[in-house]
Amino acid sequence: MAVSYEECIKACLECMEACNGCYDACLKEENVKMMADCIRYNRECADICALAAKAMQSDSPFAKQICKLCADICEACGKMCEQHNHANHCKECAESCFKCAEICRTMAS
Amino acid sequence: MAVSYEECIKACLECMEACNGCYDACLKEENVKMMADCIRYNRECADICALAAKAMQSDSPFAKQICKLCADICEACGKMCEQHNHANHCKECAESCFKCAEICRTMAS
Amino acid sequence: MAVSYEECIKACLECMEACNGCYDACLKEENVKMMADCIRYNRECADICALAAKAMQSDSPFAKQICKLCADICEACGKMCEQHNHANHCKECAESCFKCAEICRTMAS
Amino acid sequence: MAVSYEECIKACLECMEACNGCYDACLKEENVKMMADCIRYNRECADICALAAKAMQSDSPFAKQICKLCADICEACGKMCEQHNHANHCKECAESCFKCAEICRTMAS
């Protein structure tokens, strides 16, 4: 099933927002040490989602390749956040990441 | 009058989308030379809008300062695009830029 | 005293490297909680240094304004890192930040 | 043959500088239309080089994957610039791109 640029951009921007919010919330947690990898993955994921959105919005010749990498990073970030599902921000972030990963994977294929 | 992070993020993301789209459309114009400055300003404006959105989404201590710079660049980009109002993408981009400039200026104040 | 683009780009790239390295080292510290603000500032500082370098390298019409913001963020990041001078990466990062802040401030003036 | 992070970061930063400079020079050319694709590729290449440098500097778990994508985009940008070898900035940029592509490819493998 095909996916439109519009749909994929929307998923990337939502995932970017979730990851930036989760990054901020993790840094404010009582136990930051437990969240260290989550902070790291959130940063990477937010940045690649921003790059993927920019690529599609400007009709980049590399849009599909960037979406493929974005799918991989979103998938990894979702799995990381999933492990911290006692925190609501991580739980919601994992959902955004998995959704974005799926849409980006379809876009890249 | 105050403005919320949510409202300002929305304006930045819309302006980013308009600028990336206008950048792409300008590069595909028959007369690219006439659009050279517009291409340049669009790129700068899309990038600072992305940075401002990221700053607000992650509750950056520098969010207001980044929004102030974003307002200045959006204003300049809007004025540049306005001069090419024979092209629909420039006309629409100018509107997004001026709107974002105003909201970012309020946020920064 | 004037400063060249070349000199200022060099300072920004060195500060970016120091901040990205300090961000990574802070996330690997035993006491991450104590480093939470440092992690946050390092991220912001590395990103604005990258933007400032890009602006100067591409002769952006906004280079000076971006350097002014970069100087402010470098200054704040340097002061944050300075408080953690038991850690070598923070101590060295603070030096890079203050040096970059000074050169960017001269560039912006 | 192995390649160090330090060496690969250096190649990425040099390629970023060459691409940002070539982007600027192309926009100032008499015949901008002929340079439209070059402008576009330069922007993409400079941005992915910046991301790859950041990833390695912060010991990102995705550094190799980002370097792989960087190698692909550098290769494509080098081929694009090579076609405009009447312009010195394009010729030099192509060299930086091919060098960075090779080093990033080794890093990713």
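The first chain written gets the first letter, and so on, giving A, B, C and D; residue counts start at 1 in each chain.
Rule of thumb we're sticking to: contacts are C-beta pairs under 8 Å (C-beta built on N, C-alpha and C of every residue); 3 or more make two chains touch, one makes a residue touch a chain.
All figures in this text were calculated on a predicted structure; none of them were measured in a lab.
**Student:** More C-beta contacts across A-C or across A-B?
**Tutor:** A-B
**Student:** For B-C, which listed pair, C-D, B-D or A-D, repeats its interface with over half of the contact pairs the same?
**Tutor:** The same interface as B-C is formed by A-D.
**Student:** Centroid of chain A to centroid of chain C, CA atoms only: how many Å?
**Tutor:** So the centroids are 26 Å from each other.
**Student:** In angstrom, rounded to a whole number, how far apart do the mean CA points of chain A and chain B lie?
**Tutor:** Taking the average C-alpha coordinate of chain A and of chain B, the gap between them is 23 Å.
**Student:** On chain D, where are the residues touching two or more other chains?
**Tutor:** 40, 54
**Student:** If you look only at chain C, which of its residues touch chain B in the complex?
**Tutor:** Residue list for chain C touching chain B: 40-41, 44, 47-48, 51, 54-55, 60-62, 65-66, 69, 72-73, 76.
**Student:** Which residues of chain D touch chain C once you look at their complex with the stated criterion?
**Tutor:** Those in contact with chain C are residues 9, 13, 16-17, 20-21, 23-24, 46, 50, 53-54, 57-59.
**Student:** If you look only at chain C, which of its residues touch chain A in the complex?
**Tutor:** Its residues touching chain A are 27-28, 30-33, 35-36, 39-40, 43.
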